[in-house]
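Please find one structure pasted underneath; my questions will follow.
To keep things simple, chains are lettered A, B, C, D, E and F as they appear, and every chain counts its residues starting from 1.
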Amino acid sequence: MPTPIAEITVRIEFSAAHRLHAKELSDEENAALYGPCNNPNSHGHNYDLFVTVRGPIDPVTGMVMNLNDLHRIVQERIFSVVDHKHLDDDLDVLGGRVSTAENLAVAFWEILAPEVQAFGPELSLIRIHESRANIVEYRGAQQ
Amino acid sequence: MPTPIAEITVRIEFSAAHRLHAKELSDEENAALYGPCNNPNSHGHNYDLFVTVRGPIDPVTGMVMNLNDLHRIVQERIFSVVDHKHLDDDLDVLGGRVSTAENLAVAFWEILAPEVQAFGPELSLIRIHESRANIVEYRGAQQ
Amino acid sequence: MPTPIAEITVRIEFSAAHRLHAKELSDEENAALYGPCNNPNSHGHNYDLFVTVRGPIDPVTGMVMNLNDLHRIVQERIFSVVDHKHLDDDLDVLGGRVSTAENLAVAFWEILAPEVQAFGPELSLIRIHESRANIVEYRGAQQ
Amino acid sequence: MPTPIAEITVRIEFSAAHRLHAKELSDEENAALYGPCNNPNSHGHNYDLFVTVRGPIDPVTGMVMNLNDLHRIVQERIFSVVDHKHLDDDLDVLGGRVSTAENLAVAFWEILAPEVQAFGPELSLIRIHESRANIVEYRGAQQ
Amino acid sequence: MPTPIAEITVRIEFSAAHRLHAKELSDEENAALYGPCNNPNSHGHNYDLFVTVRGPIDPVTGMVMNLNDLHRIVQERIFSVVDHKHLDDDLDVLGGRVSTAENLAVAFWEILAPEVQAFGPELSLIRIHESRANIVEYRGAQQ
Amino acid sequence: MPTPIAEITVRIEFSAAHRLHAKELSDEENAALYGPCNNPNSHGHNYDLFVTVRGPIDPVTGMVMNLNDLHRIVQERIFSVVDHKHLDDDLDVLGGRVSTAENLAVAFWEILAPEVQAFGPELSLIRIHESRANIVEYRGAQQ
């Protein structure tokens, strides 16, 4: 049998404030576009983040990538940066982009893809649950 | 960087009754095929519905599609039709097909795909959890 | 140390149809009172049932009651009666009462309390989640 | 049988920003006391709120209280006030108290107890899940 | 208003192996009593542990007890002892008692009650979910 | 319309003990590689297993595959083999491979793929949640 390819996913929860407000738009346009998410004093979420990595299962260790390494990377590069922070006022990672879950997913991908690749496998999915009812997925630029 | 492509998902829960019974089959065949799901007086579920849309992230708004629009479409075209209803006796959307979660997913796809496309992105997945143990996914005819 | 008193809970999920309709009220009153839950063709739920038993922890076995016995009782006396059934049309246990979760909880209590007591401990709580947003609890008449 | 007493619970989720900062304490004391929850630019949560009401089951309707009324009260008096808001900067309900989940629960109790009592039953529990790992419960002053 | 009394709960998940086997009973009696839980080579669970503390809400801090302290105590005294361990072969805390969730709850109570009391409030509940279907609660000897 | 292709998923939970230990590595290498998962006396999990099958929806029955058949196969070939067992000491299915969730997923695929194919559709995904934070997915060798 050829080496099987599998995906492993780690999950973390972080709590953050944010406000959806596009700097290219007027206040009225922002209020109409984002509705309550444009509240001037911000609101917040418990974000549920899933990071998925894809690669061959090592025949000796039985692992796509050491889960301890993957948890450490996500902890150091994402959790410690975003947890208990204001996504618009405290972070650089969004580079001025609106703090939608879509843009967060792309920003996290840019941070994590090279970190994961240094261990061999490929980052394959960033999934963010902003609430029980809203989910975003990003699979990188090659998609 | 080219415009990133992402997926957004909204989730709603609805409660409905139904009975699995194929009109092409005899009563005995239906009872054997569907087991308790063929109970003549019906049974029911809390259905957990996930609707996923795929498209480029707008560089100004940071959104694949306005979540408020997507929630409104699913509310108006699905939830208001199926919630607190009998899927076989109260609905037209199944067009006489058996009310399996597979057929429900296809029916919801047919309703939602043109609605979503009118906003630009593509409907990419209908996922229905009929119970904690049974899930159905449908990705459209092009699959 | 005196023998410690603890509570053990088993959980099962069942799927059923029902209609809220009080026979003492007119059709108009029922429609106004129960809203969509009065839909003539019924609707349904996945009910999440928790049965809690209270008693001393046996110093030899370390158990309040054998979980296998408790699961068997709930399976035989509740699950096999209500799963994939219509609560109003298929059951006797409600005795003509409206199939609210409150009345269901009382009916389940009446069935399970003597069964549990035959093993020594006391039934202490029936909890029913009718949906993610609606929960009922009943602790018996002595409350 | 005497009229059985039961409890019904409704559950809603709201998203809000907040900052833990006691006005009676210095900045250093606040930072030491609350740690990351004292972040000057705030953070946020999806709060999961459970409101429990206790009373006799009406023998005609089979209900402790009409769930539609209870959902409406919680929607109007709590959800519409706190959802997509900053708990410290946008609300009056905390009356200057620190926005811990404990103080939120007491504030919600003060708002909801008379509303529920006007329908007959008693408010019996406010439960707030601030995150998957932190929960607060309040049963009123009579406790 | 008198100082309100509230309860706060922290939740942690740990993974452990165990085997139910009472030393006072024969092998045959153990097999009959515990069924598959008596498997000689052990089985295991992800245990979901909830620790609840009760006390007055401090009028300055708005807290029953500092959540950071409570998380630290549970982490140091419980999680670091039981996570990724065999409950029968690696631990002293059960003192030779069978590793039922009932006995675990009592053992955790004995460890945590004095730790919590040193901060002022009272430990009021240990709740352990051994699986999705089995839950144990213990409220101390005074119950 | 051509026959729609859909996926159905069944989910079961099983409880097992295991130890991560690669026989090709020294004790020190194993301890460094797997950390607490290498605990000599083992640890354990409640594994949440999702089995997904893909195929055309039968126009008469409305099903990709009879869910009762799929549940029975997973029950007989997986659950009855692994539940309340030690994955390393009680099973043959891993064939000496380390009991990582990656290797478990491949082993379950090898067992289930021909069973599913005998009914017509194709096995398309094995997903295993080892804990709330760790997930593995395997889509077969053709991936």
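Everything below uses one rule, namely that a residue touches a chain if its C-beta (ideal position, glycine included) is under 8 Å from a C-beta of that chain, and two chains touch if they have at least 3 such contacts.
The structure presented is a predicted model; accordingly, all values stated were derived computationally and were not measured.
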Taking contact as defined at the start, I'd like the list of chains shared as neighbours by subunit A and subunit E. D, F
E-F, C-E or B-C checked against A-B; over half of contact pairs coincide for C-E
Classification of the subunit D:subunit E interface as same or different, half of numbers criterion: different
Can you compute the centre-to-centre distance for subunit C and subunit D, using the mean CA position of each chain? Integer Å is fine. 27
Where the CA atoms of subunit B average out and where those of subunit D average out, how many Å apart are those spots? 33
Cα-centroid distance, subunit D relative to subunit F, in whole angstrom: 41
What positions in subunit D touch 2 or more of the other chains? 132
What pairs of chains are touching here? A-B, A-D, A-F, B-C, B-F, C-D, C-E, D-E, E-F
Within their complex, state which residues of subunit C touch subunit D. 20, 22, 24-25, 33, 35, 97-103, 105-106, 132-139, 141, 143
As the complex stands, subunit D meets subunit C at residues 1-2, 4-12, 50, 52, 57, 60-64, 66-68, 71
So, in the complex, the side of subunit B touching subunit C is made of residues 13, 15-18, 36-37, 39, 41-46, 83-86, 89-90, 131-132
